[in-house]
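Below you'll find a set of structures to go through.
The two complexes that follow have chain A in common; it is paired with chain B in the first and with chain C in the second.
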Partner chain A sequence: MDLFLDYFEFWQDKFDSILAYTYEHLIISFVVIVLSVVVTVPLAIYMTKMKNEKIKNLIFNIANVFQTIPTIALLAIMIPILGIGFKPAVAALFLYALLPLLRNTYTGVKSIDPGVVEAAKGMGFSTFQRLFKVELPVALPYVMSGIRVTTVYIISWTTLAALIGAGGLGDLVLAGIGYNDQHMIFTGTILAIMIALLLDLLFGKFEKRFSKV
Partner chain B sequence: MKKIVMASLLTVLLLVMAACGGNSSADGGEVFEFGAQKNTDPKVMAQIVKLLVEDQTAHEVNITEDMPASPQVMAAIDKEDFDFALLYSGEVYNNHFDEDQVEYTTNPDETLEQAQALFGEKYDMKWYDSAGFSNQYSIAIEDDFAEENNITTMSDLGEYAGDLTLGTDNSWIERANDGYEGYQEAYGYEFADARGMDVALMYEGIANNELDVVTAYTVDPQIIEYDLKVLEDDEKFFPPYDASLVARNEVIDEYPEVADIFDSIVGSVSTEEMTLMIREVDMNERSTAEVAKEYLQEKGLLQ
Partner chain C sequence: MIQLKRINKVYDDGFQALKEIDLTFEEGKINVLIGPSGCGKTTTMKLLNRLTEYTDGQILIDGKDLNQINPIELRRQMGYVIQNIGLFPHMTIYDNVATVPKLLKWDKQRIRKRVDELLQLVNLDPETYRGRYPSELSGGQQQRIGVIRALAAEPSTILMDEPFSALDPISREQLQDELVRLQREINKTIVFVTHDMDEAIKIADQVILMKDGQVVQKGSPKQLLENPANEFVREFIGENRLESAKTLPPLSEFVVEGYPSVTGQSDLQDVIDVMVEHNLAELPVVDGENKYRGIVSLYRALSNKQAVLSDVLDTSIQAVNENEAIDDVMNHTKNAPGSVIPIVSNESELIGVVNHNQLFQALHQFYQRKSGGE
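So, the complex of A and B:
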């Protein structure tokens, strides 16, 4: 009971700053998700049409390389170019999100039954008609599951933004570790989990609705 | 032939298992565990302890590096996973004890006494007197800027603070006693913007003019490297973080030869010496073992 009261008091005490950290976290994740989906999903779909295996491999390899750069190193490289705070955090997270989104979308669209595409061809659909009327609707569940997985990653990775002065829930977790405050660590973690679950739920609903059409 | 091979393999295996079993060193002594936080000064001190213990006794010291922070090191001492560590007196104000147990003061002696008594009892360990250096918060600005405007104390900075961006670690803004809020009360001014970040990136930030003021730690070699000026804490606001070695009572009671070594280290490493050693490790990328060995040899404590 005491534990609960203590924790309640912590919330009363820190409510404003917890709200600010959560808001920062949401904004950063949101911008990263939108940016990476807008850039990566069309690229992945285009890549499924690409005949040149070499270029395809090159793109995957570039995305792979970004994934392997240690966070601190990547952030340090960005300071002279993008400074400190929101911009370098978004840029770093965007680079990290490339690979999972690219892979998942690419594999999803690739796994469409070729028979469906052939049938559409047989019905005299043009390439664009085929893409928008047949392939994309069929691929949507795959694309969406790629976005869902990556979104959960991004929410958790956004805690890294705290390393470069962009705030977010990571700030709360790291402050708690440095200052020996379990309440801060717990709150930062649980809020990040809740955001991830909520967004996943939301995307799930969205996916269901659109795949029925 | 096959039998001989099998038999010799089995022997080797048994020997390996015997070597792994129990915590005994090659010379028949114990293997002690030193837990070091992720900053460089505990890592260097761990090497100093290791070199001295292995030179003067039959025991060995195994070092675990990069623990996130002091509370995690203490938790490991509590579980008897670590025997030794380097801890800081000011840690006593970090939410470990209730307010009626610990009295907040920035007096170094009183802070050390409280840490020794309270932590000593809580974790059944001996908290030695300071090893000689202190790793505490301070406010640093670029040397040029300080010269130009004749700023030497933290109070002097107040006049310019409204235009300056502060970079700090992730916890300073949230700290109760010695954090940003307390600083504003003590000095009566705030900065235009204050951002928490990774300490290494904080220095990158001031080097690239993205930040104007940083909360430097007194042993940070970047202070020398980037020509920063540490301002005098004229209101005595920041609590001391005098570094002390700690050892579990069980260990030093049973092994007086180890206790002697710990006694001999008290007061022997100055803040300047530690800063220079950290500089060798962090900036010149040398190993902590090499730097610690060189230091002990220069002092004539090691062959």
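So, the complex of A and C:
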């Protein structure tokens, strides 16, 4: 019982700063996700139309390499380039998000039944109409699952961004380690998990609504 | 009307896919392109909506050069049905059928009316099916939607690329019947690609048989069956189909010409002498202008020796016109008592006779061959 009361008191004391950390965390993740979707999805679609296999493989390989660099190392590499704080964190996490999004979108568009594409062509859709009215809607489940997976990753990795002074829930955990305060560690962890689950749920709902395949 | 004039298509690697194709697809006809795989039939069809381009030659649609027409506009004016059906899985049946009218920006009410009308055309209840998704339909139903989707914007030409080959035999038969029926109602120019000869024979007005990028033979199914141009055509059509398409030989092949006849004024004894001399039991009797009058039989003549010819003349036996179909001859002579059937020209002059037994035997042999017997 004491445990709960203590923890409750902790929330009362630190409510404002917990909120601030959470807010920071959300902002970083949000910027990274939006940025990576805006860059990657069109790139992946463009790649499905690309005839040059070499360039395609090169892009995939680059994305792959970023994914293999340990998260902490990548964040650290960013410091000499972009300094510390928000910007290097976003840049590093963005590079991380590339591969899962690229792969899923690419596979999704590629996996469309060639008959559907041929029918769309033969019925007189222009290239853009075909993309927006047929190819993207049909590939949506793949694209969305890429976004969902990436979002969950990003929320979790953003915790590490605290190491290079970007703030967020990671700060709470790090401070908790410093002060040997389990309440802080626990709160940071639980909140990160809850944000991830919540967003996943949200995207799931969105996906259901817009894809009726 | 669509005309292809000396069309050649050479791929970048030098492979010549089409050689000197000269074709005319007439309005309101089902034109079937057929041939073994790789013969260029699909390529030829795809030239028409510019999904592939040709190297040289000219294609005219209603007299207008195909290259002068914007490919997007062109495709919206042509229906297109493909083997994989290609319904849009994220759209309802309504939206699928309405695709081209929507692209052409028809007003909503017109589209709605048109979609319902089309669904009824293929016997799918609009109330039930309008809001469903393609995955909720059977393969046959899906391809019905594929077909009416191509008809939606009332195109004058419909291209069909092996549309029924992925369906089960029952659905295929049904859809073929429906297509022929539809064609009678809507009267479009249909260009249909298939590799199935039975399908071609069933639906085609014009069959175009291709091989190695060339047209080997074109014509009505009947022409191809009766007069295959060469060994390849024979082989492609198949001996069985050729055999079963064989028609009965014409009546003229059975007519015994120069069969003795007598005129009505002849003396009965002379008539009997003629029959005995030629070893015949029956003789046709003609008048002075060689017009058929009746038949006299040896038996009746002998038992009424005192009578004159006209008394023993059997006028109940009808003569048959030389141009009649052989089946008909069988039908209206099967009750005739005699062994010969008199055959007359259009001017009812006697030409000769057909021997009943001979005719029977010939027919018997023909049907036995057709049914695969010895």
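Keep in mind that, in the parts below, the second predicted complex is superposed on the first by the 210 of 213 C-alpha atoms of A that agree within 3 Å, B and C clash if a C-alpha of one lies under 4 Å from a C-alpha of the other, contacts with A are read in each partner's own complex, and residues count from 1 in each chain.
Operating definition for what follows: a contact is a pair of C-beta atoms (placed from the backbone, for glycine too) under 8 Å apart; a residue touches a chain by one contact, two chains touch by 3 or more.
Bear in mind the structure is a predicted one, so any value in this text is a computation, not a measurement.
If you put the two complexes together on chain A, you find that chain B and chain C both fit without a clash. Of the two partner chains placed by the overlay, only chain C lies in contact with A:Val134; chain B stays clear of it.
With both structures placed on the common chain, the touch criterion links A:Leu102 to neither chain B nor chain C. In the superposition on chain A, A:Ile59 makes contact with neither chain B nor chain C. Angle at chain A (Cα centre) between the Cα centres of chain B and chain C in the superposed arrangement: 150°, in steps of 10.
When both complexes are overlaid on chain A, the residue A:Ile45 reaches neither chain B nor chain C. Once chain A of one complex is fitted onto chain A of the other, the partner contacts of A:Ile33 are absent, as it touches neither chain B nor chain C. When both complexes are overlaid on chain A, the residue A:Ala120 reaches chain C alone and has no touch with chain B.
Think of it this way: put the two complexes on top of each other by chain A, and the tightest Cα contact between chain B and chain C is 48 Å. No residue of chain A is contacted both by chain B in one complex and by chain C in the other.
Interface residues of chain B, counted against chain A in their complex, comprise 68-72, 94-96, 167, 169-171, 173-175, 195-198, 200-201, 204-205, 208, 210-211.
Those residues of chain C whose C-beta lies close enough to touch chain A in the complex are 49, 51, 72-76, 78, 80, 82-90, 99-100, 103, 133, 135, 146, 149-150, 159.
The residues of chain A lying in touch with chain B in their complex are 17, 72, 75-76, 79-80, 83-85, 162-167, 170-172, 174-181, 184.
Against chain C, the residues of chain A that register as touching in their complex are 113-126, 129, 134, 137-138, 140, 211-213.
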